[in-house]
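Step one of this worksheet: look at the structure below.
By letter and in written order, the chains are A, B, C, D and E; residue numbering begins at 1 in each of them.
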Amino acid sequence: MDWTDIRGIAPLLWPLAAALGILAMADKRRTGSKPMTPMLAIVGLLGSLFAIWRLWPEEEGTSLFRGAIVLDGFGLFLGIIVAVCSLATILLSIDYLKRREKNLGEFYVLVLFAAIGMMLMGMSRNFVTILFGLEVMSISLYVLAGLFRERSPSAEASMKYFLTGSFATGLLVFGMGMAYGATGSLDLGGIGIQQAGGNPSPLLVLGLGFMLAGLAFKVAAVPFHMWLPDVYEGAPTTVTGFMAAGVKIAAFGAIIRVFAEVYQNDSESLRSTLWWMSVGTMTIGNVAALAQRSVKRMLAYSSIAHAGYLLLAIVVMQGRLDTATGYLGFDSSQSVEGILYYLLAYGIATVGAFGILAYLERDAGGGLDFDDLAGLKGKQPLLAMALTVFMLSLAGIPGTAGFIGKYGVFAAAVEAAQTTGDESFMLLAVLGILNSLVGLYYYLRVPIQLYAKDLPEAREAEVMPARPPAFRFVVATSLIATLWLGFGPDVMNFGVEPAMQLVKSALESLN
Amino acid sequence: METQAYLVVATLIFLIGATGFLVRRNILVLFMSIELMLNGAAMLFVTFARQWQQMDGHVMVFFIIALAAAEAAVGLSILIAVFRLRHRVNVDELTELKG
Amino acid sequence: METVVFLIPLFLLLGSGALGLLALLKTRGVKVPDRLVSYIAIGGPVLAFLCSVSLFQKVGHDTFHAFGWNWILAGDAWVPVQFTVDQLTCVMLLVVTGVGSLIHVYSTGYMKGDGGYVRFFSYLNLFMFFMLVLVLADNMLLLFVGWEGVGLCSYLLIGFWWDDIEKAKAGMKAFIVNRIGDAGFVLGMLLIYRTAGTLSFHELRAFVGENPDAFLAGSGFFGVSLATASCLLLFLGATGKSAQIPLFTWLPDAMAGPTPVSALIHAATMVTAGVYVVGRTNFLFALSPTSMIIVSTIGALTAFFAGTIAITQNDIKKVLAYSTISQLGYMFVAVGLGAVSVAVFHLVTHAFFKACLFLGSGSVIHAMHHEQDMRRMGGLAKKMPITCATMTISALAMAGIPPLAGFFSKDEILWKAFDNDLGHGTFLWMLGMGAAFCTAVYMGRLILMTFAGSCRADEHTKAHLHESPRSMTGVLAVLAVGAALIGFLNVPHFLGGHAAFSSFVDLAVNPGAHEAHHAGFATEAALAVMSIMVAVSGLFLAWRFYVKDPTLPGQFVEKHREVYEIVNDKYRVDEFYDRSVTKPLVRLADATFFKLIDRRVIDDSLNRLAGVFRWLGARLASTQTGAARTYVAVMIVGLLLVILSLFT
Amino acid sequence: MEKTLFLILSTVAVVGALVTITRKNPLGSAIALIVTFVALSGLYFTLDAAFVGALQVLVYAGAIMVLVVFVIMLLNLPEGELEEERIPPRRWALAFFSVVPLGFLCIAQILSATPPAKTPVAPSFGSVAGVGRLLFGDYLLQFEVVSLLLLVAIVGAIVMAKKKL
Amino acid sequence: MLSLVLFLPLFGALMLLLVDKSNEKLIKYGAFAVTVATFLMSIPLYGAYEAGGASLFQLEESADWIPSLGIRYAVAIDGISLLLVLLVNFLMPIVVVGSVKSITRRYRDFYVLLLLLQSFMLGAFMARDLFLFYMFWELMVVPMYFIIGVWGGKPRIYAAMKFFIYTLAGSLPMLVAVIYLFMKLRHQAELDPELTASYSLEALSGLSLTLKEQWLCFLAFGLSFAIKVPMFPFHTWLPDAHTEAPTPGSVVLAGVLLKMGGYGFLRFAIPMFPNAVEQAVPVIYLLAVFGIVYAALVALVQTDVKRLVAYSSVSHMGLVVLGIFALNIDGIRGGVYQMLAHGLTTGGLFLLVDMLYERRHTREFSEYGGIAKRMPIFATFFIVITLGSIGMPGLNGFVGEFLIFLGTFRVSPVAAIFAVSGVILGAWYMLATVRKIFFGEITRDENRNLRDIDGREIALLCPLVLMIVLMGVVPGPFIEKMEPSVRAIVESYQSAIGN
């Protein structure tokens, strides 16, 4: 361990320091009410972003901590999304929690810890790192979901999340054990090298099956999705947003890291498994979302559907392993690019949307049914607009980030079909497209409620709570970002493409 | 002794844990089932570490034990929170959220 | 020269536009003096008439073209807006502008005091504009502009008093029925264009002259040649416009319009457009004996059947309407046999006497307070001497009493019918004679029922009976004079004439044609005598029935009730169309297309598809029981599937 | 000898596990679970994993299970709640049809693989020193992350269970 | 120049957002000013575009947009685009003026959406990059969706949803095909250094596709266009959308949006997938012909004026499709001309219906009758525009119809016969409409005091009528502009199918 290692985990250390700072301040007096607490958390995350920015130009795909993590564009980019989403969550939560008298310092600590876990997952190239990144994240989220523990839905959500989540962790660990047994290595690169060229041993396949189940649970891929609607619905709304955005980012990061190893062998069976999983996920997510009465729950199901689209890109991913270094890369940058952009777009829109829902939620819970949005345009025109844009982005309408994301994912599928000549990829793209048509239906119900319905008379006189600056800032920023990213990745100075460029150059420098 | 036998035991323990998850409704027992599953997994690591003659597996078991501890702590505290609300530890009654 | 050609329609377009504007201003409460309106209204046609006369003088034996601008690019060539003046055009121009002017003058009297006075003249001018475009057009497409335009004006004018929904419906019917014909016309045009690559009449004539084989090729439909196909399609258009079988049903209904309109549009000009078109394209028909047989036969049948209907009608205008159909049938007989000049001659004479009759009937109706039923008229001769006299002259002319105009023209047609080499001459001639007999009967009946005997109107009407104003009677007089004398323009050879009119028109339509005589003058003379006898006997019959013994018609009807009713009901053709076409179409549209296919099949199935998805969604959501156990069980099963799938 | 030991220990472990999930009273389950843990720890020793074997007893059986038992006591569950009525056969069937095939698959795969023969190991294998070296060498970061995880668990436990926040 | 025209409405929309939303006057005048300015700025385009110039597409402007994905911002116009752009910009001020009375609430939002819509439509007509086109193509739907959903009639939500889902059901498969084409090009570019992967239409139309690929892509593109046009049996969204949309929405929908389908066929489907098109023509013909007659018949039995006009649109657009897929010069020429003509006449009809609706708040025939007495000027305009719609020679509808018939006749006389009979039916239902609304006695007391249209309404109808007449009498200037493009399409098609 040397300075390079420390520098490399600086993005994690900043939030860690902030979290510890908050804990340290939590003496006799309650910390929640202190303005310092969220400030500190924000500083921690900004620091993390700063650290990523500092690392950006020079990162070289280097292994740190003897291969525990790797510093590359992919991981850092995920780190950015995670940090941004966490930041947004914190900003949104301040007022949300205050109104519900739950402004605990621990909340921020847990968000920061979860963020660390997520970043770690994105950076990891070792089973242990993945597992513990995932656990740090999960355990924080179990608790965050139950933050409103005196409310039965929140407690129930927490409990269910914990039970199913632990079970999934069990599967993951067991799978890792199998994989370890098959290869004698806990290192992704090591496994990769060992597997290069040959067929994976049955034990490894078995292990991958279990690991796939464990990770699929986190992204809520069918059939490991059933926990999600309940948990999302019961959790505090800002936390739901955080889960929807962050967990997805981290878990997909991990999935890509893990399964790129296997793809080098072009495992048809794994591909077809993921194919079915992807189709099932998007279909079930979308269809079930149609029947929802609560916007929050609808978004929960839609989050399942989005996992399906992302899986689609993973199905068609063409991994490539550098046998000399064990470092994995991607032949089909399209697919990973697509996923990254998708995650970014999805994360922003989701956090924004849940932020608005959090604002609209009644203090005692509830108030998030479709009918509750009726005519809201009259009372909150800007929020209505923002929510509409977020919905459009999630639905993948051009002009929003979601469209470019959707484009990237489907482009990956089409490209793969083109280069491999595998028509099932094409079919997958078509199924995905049909699914997004179903998705349109429920996303559009939101703007319809907002704009086309009239405000119920009973609500005419209702006084909406004040909109604190932090909230406004987050919504406005997400709104602008959603629209801005809708113009494509290249309008940003840093974006997916540069990140991928970095990945590539990293590969080259390693050879 | 063949390592395969150990592996079979590990798998059995793991599966018994999973079975517990499926048949019991007492949350406390479910927690124990999770512990069983983790132990099954840990056993895999130990066995394979022996087989490969490298101690990474042991390290993993060390970590798994910590993991189990963390999960137990959080799980039990969540259980306490739930229990405060309902005075029940029956998982089948946690069905307020559905649909 | 070109300017003059363009001026002719332009006068009327400007007049119509100005009047239209005035009409709209009037609805906004601007005072528009009637005098100004009538000046503008009459000015256009009269100026056009003068220009036409000057054209007529200049045209002589020539043809000339006036190019306006490129209109539509079809294929690689522009279809231009171009006018052509030849002899046929000149005749038509004179008829249209001449009779048109007279009718405009008449209308200033007839329509006085009507709320839509200005509007009426605007439409009337517009009509003349389109009619002039029609006769001036150099190509079929431009002709079609006029063709549809007159149809439009006919629509507007039939439904002129649109507060009466029946009248509005009549206008619409006229338009739609015409449109059916027009569809044929358009298709004919398309076929011709595809074959010859041009729509211009003179280019087409040249084309046909050079390579008739192009048109003699098979069209692909039942072995019909292209020429036959295109001719029949054009003829379908003509049957619509000129109210021939099978599309004649609109014309009687069209009598809902003001009487001058009936005179101008539905007797003198527009309805003859079909004849004009067939005449214009006679070189095509000449290629197709089949089409000639069909055209002439349909003409003859129409002439006869419409004549029989006319006898049974009691509405004075309906009688005239059927008589128009019948006379148009004559024209088609001629034109179908290639005797264009003869047909055009009948067209001209008919324009005069039928316009006169219509205007006369208008005068009667005017006097009778819009009473049109002849059974309530009678004995009007004393009260309305001029009307009576002019109408009688015209009626006799139409019945074919020499030396009035109708004798010459009709006799010529009957002669042509008899003397043709298509093999159905006798048949045509007999139908023609039958129609001539009918003509005499219904004309005699009309005059006698209206003017002879005692007045059967109620007292109030009787008290107010009066002769019409000078503007109307003057026009009647002019027309009657025309009806009487115009026949001398074309005295046939066997009577020692030179057939001047025919040879003039033949310059345009039959250049270099020589009349071929199959039968001698003797036959022709004998036939003429026969037709005169038929006419006289017809008139006598009318006298016998309606003056001598007015109970006879009733007895006759009693005896042959079934026949009478069918004829009186116009052979129930309207009802037949209604039952066999209109109703089934509407039913198909409503029940099958709209309610079944659109609503049930397409919309419902799509909505149901959405419903299925929602239902599936609800089902899926209901599997989400909230029980963590289920979730875990599903996960295990899922894991099982994943592993199985991984191992396959 | 080794085989006998293995058979005894593994039988105890499996039976203990079965008892754990079938006892009506969670306290009984907990005790059975501890038995299993101890048996597993014995198996670890037979696999030359002295350090983790010790850890298993100390931390797992000792600390974690005490915590569980402690909570069971703390909750002071009413008798009826603690005692579960008979597990309906439906659930057994569910478990049987999902878990047994899975187990069949896993075990079949395990048995089909041909592992290397069990070779003697170096004396330092599984020792505290050996594991420690790895922990603070290759797995330093993970080790720290685990400490973070425990911190998270502590904070989380406080948030969820502390009486007054 | 093009970009200026393209983005001016967008800019105007943003400016309007800055206006206080209670400032009705400023908003309405502002929107009007923007549309007028856009129109004025697009007039020089007519002169600037040289038909028969060196290149088909002129006034090109392009810039890198997403270079990593090969996406460029590239706009240019050919004759067809030019005319459609002019159509959009001509209609828009009229729509704005026409809506000032009927839009009574949330007018700022309304005009913002309208202006956005204008920009998007212009963009779709100008785009020379497939991706750019696709963006605009889908974006167009969004403002329209809100216009229908918010300002529409009673079942507006159903209608808006139907509109959106229907159109996207078409365009989403198109997205896959769009990507496929790009990827194909990229794949080929890897093998052939002369090619570069991009979405540019020139590059993509040079792509050699197998017949199967052509078919699949054609199906994806074609479905999208067929829904937009709309062709039977994908038309059922249109009556609902039209009926429920506020009239300005209907005007834009009928006037421009439907043309997107025809434009798409011409610009994309035919040049890029000629062999598939060749094989698909019989089916398309069948559908188009059936649709023409079918929609005309259905229009005949409607009781709601707007719904009737909507079905008439289906019928007329069937003609457009027929013309386009005649795949000869006359047919395509006629199709394009008919698109322009239909835009004006149907737009006009919707405006007229709206004027009635404003006065009586009903669109049922049975509520009217005899009102020509009260509204003679209105009736005059109505009849003139109706005549334009039923293809009266001398008015705009005829030129297109005739050329379509001509083109169709060359290919299939039977189809032409049916198409012509559709026109007969067109006259029937349109004149029946006129009769039911205007003629007869006034039977309802509410109609006795109707006031005739006022200066504003006359002012907004006059340009329409003027254009309707002008396009009927001197179609030359319009035809000349589109001529080279039409020829190019036909020629490239002919050479592709090996004739």
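In this section, a contact is a pair of C-beta atoms (placed from the backbone, for glycine too) under 8 Å apart; a residue touches a chain by one contact, two chains touch by 3 or more.
Only a predicted model underlies this, so the values are computations on that prediction, with no experimental measurement involved.
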Partner chains shared by subunit A and subunit D (touch criterion as defined above): B, C
Path length in steps (a step moves to a chain that is touched) from subunit D to subunit E: 2
Centre-most chain [mean C-alpha coordinates]: E
Far-end chain from subunit E, centres as C-alpha averages: D
Approximate Å spacing (C-alpha centroids) for the pair subunit A, subunit E: 42
Centroid distance [mean C-alpha coordinates] between subunit D and subunit C, Å: 103
Centre-of-Cα separation between subunit D and subunit B, whole angstrom: 6
Between subunit B and subunit C, centroid-to-centroid distance (C-alpha), Å: 96
Where subunit B touches two or more other chains, by residue: 7, 17-18, 21-22, 25, 42, 47, 51, 56-57, 59, 63, 67, 70-71, 74, 77-79, 81, 91, 94, 96-99
Junction residues of subunit E - those touching two or more other chains: 165
Per-residue multi-chain contacts in subunit A, two or more chains: 128, 132, 135, 139, 142-143, 146, 149, 158-160, 163, 167, 171, 202, 205-206, 229-230, 292, 441
Touching chain combinations (by label order): A-B, A-C, A-D, A-E, B-C, B-D, C-D, C-E
List of subunit C residues in touch with subunit B within their complex: 621-622, 624-629, 632-633, 636
Of all residues in subunit B, those that touch subunit C in their complex: 18, 21-22, 25, 91-92, 94-99
Interface residues, subunit A side, partner subunit C - complex: 159-160, 163-164, 167-168, 171, 202, 205-206, 208-210, 212-213, 217, 222-224, 226-227, 229-230, 269-270, 272-273, 276-277, 284, 287-292, 438, 441
Subunit D - residues contacting subunit B, complex: 2-3, 6, 10, 13-14, 17-18, 20-21, 23, 26, 29-30, 33, 36-37, 40, 43-44, 46-49, 51-52, 55-56, 59-60, 63-64, 67-68, 71-72, 74-75, 77-78, 81-82, 84, 87, 91-92, 94-95, 98-99, 102-103, 106-107, 110-111, 113, 115-116, 118-119, 121-122, 125-126, 130-131, 134-135, 138-139, 142-143, 146, 149-150, 152-154, 156-161
Residues of subunit A defined as touching subunit D within the complex: 1, 5, 9, 16, 23, 30, 64-69, 104, 106-107, 109-110, 113, 116, 120, 126, 128-129, 132-133, 135-136, 139-140, 142-143, 146-147, 149, 158, 182, 201-203, 205-206
